[in-house]
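The following pair of complexes shares a single chain, chain A, combined with chain B in the former and chain C in the latter.
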Partner chain A sequence: MVEQMDLTKSQEGKWVREDKKRGLFKVSRDAFTSQAVFERENERIFNKCWLYLGHSSELENPNDFLTRNVAGHELIFNRDRKGGFNAFFNTCPHRGAIVAREECGNALGFKCFYHGWSFNNNGKYATRSPKGVYPEDFGKEGDSVDLSRVPRLEQYRDFHFINFDADAISLDDYLAGSKEILDIVSDHSPDGMEVVSGVQNYSIRANWKLLVENSFDGYHAAETHDTYFTYLFDAIGGTPEEAMAKMTGQSNCYDYGNGHAAIEGEAPWGRPVGRHIPAWGDKGKEDIAAIVKELEERVGVPMAKRISNGDRNAVFFPNLVINDIMAITIRTLYPVSPNEIHVSSWAFAPKGEPPELRKRRLDNFLEFLGPGGFATPDDVEALESAQVGYGNAQFAPWNDISRGMLKEKPANDDEEQMRCFWREWARRMEAE
Partner chain B sequence: MALVIFVNADGTKTEIDIEDGISVMEGGVRGGVDGLDADCGGQGACATCHVYVDPAWVDKLTAPSSDEKDMLDFVFEPDDTSRLSCQIVCNAALDGLVVRVPSEQSGL
Partner chain C sequence: MMGNANLTRSADKAEAILNRDVYEDFLYLEAQLLDEWKLDEWLALFAEGATYDVPTAGAPDDVSSSEKLFYISDDYFRLGHRVKRLNQKTAHSEWPRSHTSRLISNMRILGSDDSGVHLRSAFVTHRSKGTATDMFCGHHLHTVKMVDGELKIVAKRSMLDLANLRPQGRVSIIL
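Let's look at the complex of A and B:
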């Protein structure tokens, strides 16, 4: 028996209310504005969960490295001389300065610019000083002066994740059912997949969880993104009604466990991995037919259908988004404060994709997903508007996330996927 | 471009073409020569890329800097032909250079 929801009383340390019987799900707006919640999230979520670091394709060769900020930590992600992957804290053991100052490169070692301390690219201290300056056994007796390693680094299908908690469960167990999404996007091409060079970095004046919700919100698309859909039908020809008539109407929500979830459906835009639109012409039609044929032979017809024709938006708890729609984006989002998000987005694409196909994909990426495209600015406006609206939280304290809760099989424009996120968020945040 | 011949303590020979401007150390490490720890990766900070230069070649190289000479104090069994291979930068004049890689580098 579920207790009836009492939304008149606030409860310290409880932000999420769920009434399964009535099909109601509410989240306190305090969760989006409170400094105490922000600090607790750092401690209980970002310091405990597996966080996305990067993809193998970004470090193709031994000695490749890149630097990246993950959850406020400056890190080096590299491959050493033997090709092994490492994640180090990018700070000199001597006095703290940033050791690797470039965004990426290829280096056998790293040298701090401050006093010149040097390190092998396997992290080992490599600085000789005249005798008598330091003890003979300097750095060898529990006083390590090697680069500090991130406690955990594990990978699944070339996606590398880190965990700041040495005692965390394995990445494999943590990802649970969500590995399906990593499998699907990794299987788009027989030649493997790569992160396209370059990144889109931008900030939003809103709470990070607003962007989590927005990243797999099938409900808002038609309303918020009218500009994009008007442009899209101008570009591809036809009307929304004609487009709808061609679709199979598949609409799914997947609860992958541990707070990971995805929605899957079918949209009117073209998919460079298998859904042709008239704007791509006859040559485009042939290209797409060849891609679908190869997929069917390699992964079987049912999975080929999902890959070629299914649009999916996934959130890996807490903050990795993979949207496999008109292009594929890998997106991370981190709170800088309760009211500000830093977003990084990468395009993900088949290795060796012919230039014409790559152009279609990247045009799609920029048009919809990019921060200067037809859609993301609308989302940013919506999120910032909500954050401003939370200024009224004292008098209007609850967000509603109940859509489709009474359905046996929630659809991709319901909100079950967000409830999956919020249940895990509450489990971690509300525990004693 | 210079063809550099690395001779390991056990007599193994490795010949590597090294681009102009790249050090003998970097060419050797990237080319998979054993025995060049080169821990600092070419900063001249660790003295673990010690080689013995073939006597015929010693005078053809730019003389070691005072910093390199200080570092050579740390290497295992140095002699008059000892150099840090990260400080020998390749160019066409070094084509055919022969260096011997010692049996061990002095650990940090």
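Let's look at the complex of A and C:
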């Protein structure tokens, strides 16, 4: 087991220890490797928290459906004939086979391929059987044979979340201050936003909380991603000095409550929503000026400035990431064991974006993000390396998350945002 | 550009089709240079203005990187930087370098038009690093052309015939 640490006893937890006076914050490496922790997380976090399911733009029309695995559960997310949104467990009430086996489609109902049981797209049992095979009141007396509904499905803006706990607080209360981030990314365009077709489904041989930390870690960027920045300064045109001179040095960390947090800063890359780079040329400059002008008229100058020129990395507790950086990515990450993560990443963009701007946005995305980007694979290497390093936890038991703890106003390259996550994690995990 | 539909396009200016062993040898050479991490020599197989892309696992051959999210969609500039990056020790994902082995098979000459000769080949690539060995399988779509007396790649698209990148996780090597 882990060694004792010299911290004040009142702040002591099994996995998370905080000494506010000295400005020390430590997390036990056992939290990243233990099977018992993994099982406790399923019970206390993934079965209790609001989890991201999908975005309205993925189901544009009535009867549209998609299938998705959320926290180990195969689900159907669909709109019924009346256009209402539903979340069902994707399993036949008869013997359990998956009833919707395609990634997405448009369907009035679902028919299980095993014995042919059928369901309307509002989940209602709709199988025709010869008289006398089943009782007359089959499924009507507390023995439901409808598709099982996920206990809670709620939305904020066009982001839909589910909760497996019927007694959970409302999504609105749960999201608390983090709604600001959903508002900001929803307001990038006057025409609404959409999830771009295509998903990057990949895995990482590490604990999921390593990717949570990495997703809003401003401290590692320069060191880990040196090759990306070398490329970037060649790609954006002009000199690094010119790019740096434009930066105002804003650097913020937001504690949104309930474990949600974000960092905000300003980087040298171009932003399709308002930060021009020389490589985009005069036409690109005009495009960007028009986007900024429209933003200023619609949301006012201060918010337009934040939307166009602020780079934000946000984590919604426990595992939704929205990074609004050189492009916007929506990312979910689920543990399938203590040392393996299933990651899904989508690109998020304005509806009706002109093709050349869409291409520019997707190029920006791929330069940095995802399994073939110039940055993400090096993050993956770092996370997997840490997981291997935790094999030494018996002799080197603690991670340090103390950076910037004694500052009045932590910066975007400090670690306060991670401490927000860990405090909520500890609140849920450390209780008896 | 890659599919059968365009094979008759500009047939009068179509690139001349050479013997199949020329193309097979060329693809084997490409695979060997990548296996041996001779990336500058590999890049020299590409014509100026060439492209390299890897759509997401399971995508159709004619998918467009202007509309869909890919893993890689390199123009010639970015491809050059991909090689420059992979030649550095600070490309952490590939340092220390992974061991790779590329099997190329089932090559077919799909046809020819003014953009070049279209080749389809099946691949199985293994990448081994640390305690993990991962397998990538799929098919390459090459468009090749004679430039100043040398065969060059003008477009390479690597299609992953996989449902997802689990457990492979990344395409930090060149497929």
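By our rule, the second predicted complex is superposed on the first by the 415 of 432 C-alpha atoms of A that agree within 3 Å, B and C clash if a C-alpha of one lies under 4 Å from a C-alpha of the other, contacts with A are read in each partner's own complex, and residues count from 1 in each chain.
Just so it is clear, contacts are C-beta pairs under 8 Å (C-beta built on N, C-alpha and C of every residue); 3 or more make two chains touch, one makes a residue touch a chain.
Here the structure is a predicted model, which is why all the values come from computation and not from measurement.
In the overlay built on the shared chain, the residue A:F421 is in contact with neither chain B nor chain C. Within the superposed three-chain model, A:Y334 lies out of touch with both chain B and chain C [touch as defined at top]. Chain A has more of its residues touched by C than by the other of chain B and chain C.
Contacts of A:F38 after superposition: neither chain B nor chain C is touched. Of the two partner chains placed around the shared chain by superposition, chain B is the only one that A:K111 touches, whereas chain C remains out of contact.
Of the two partner chains placed by the overlay, neither chain B nor chain C lies in contact with A:F229. With both structures placed on the common chain, the touch criterion links A:W208 to neither chain B nor chain C. Once the two complexes are laid over each other on the shared chain, residue contacts for A:K359 go to chain C alone; chain B is not touched.
In the superposition on chain A, contact is made by A:R81 with chain B only, not with chain C.
On the chain A side of its complex with chain C, the touching residues are 196-205, 224, 226-228, 230-231, 234-235, 340, 342, 346-347, 355, 358-359, 362-363, 365-367, 370-372, 374, 376-378, 380-382, 384, 388. Of all residues in chain C, only 54-57, 59, 65-73, 77-78, 81-82, 84-85, 88, 90-94, 130-132, 164-172 touch chain A in the complex they form.
Across the complex, chain B is touched by residues 63, 81, 107-111, 116-121, 124-128, 130 of chain A. Looking at the complex, you find that chain B touches chain A at residues 26, 29-30, 37-43, 45-48, 70-71, 74, 108.
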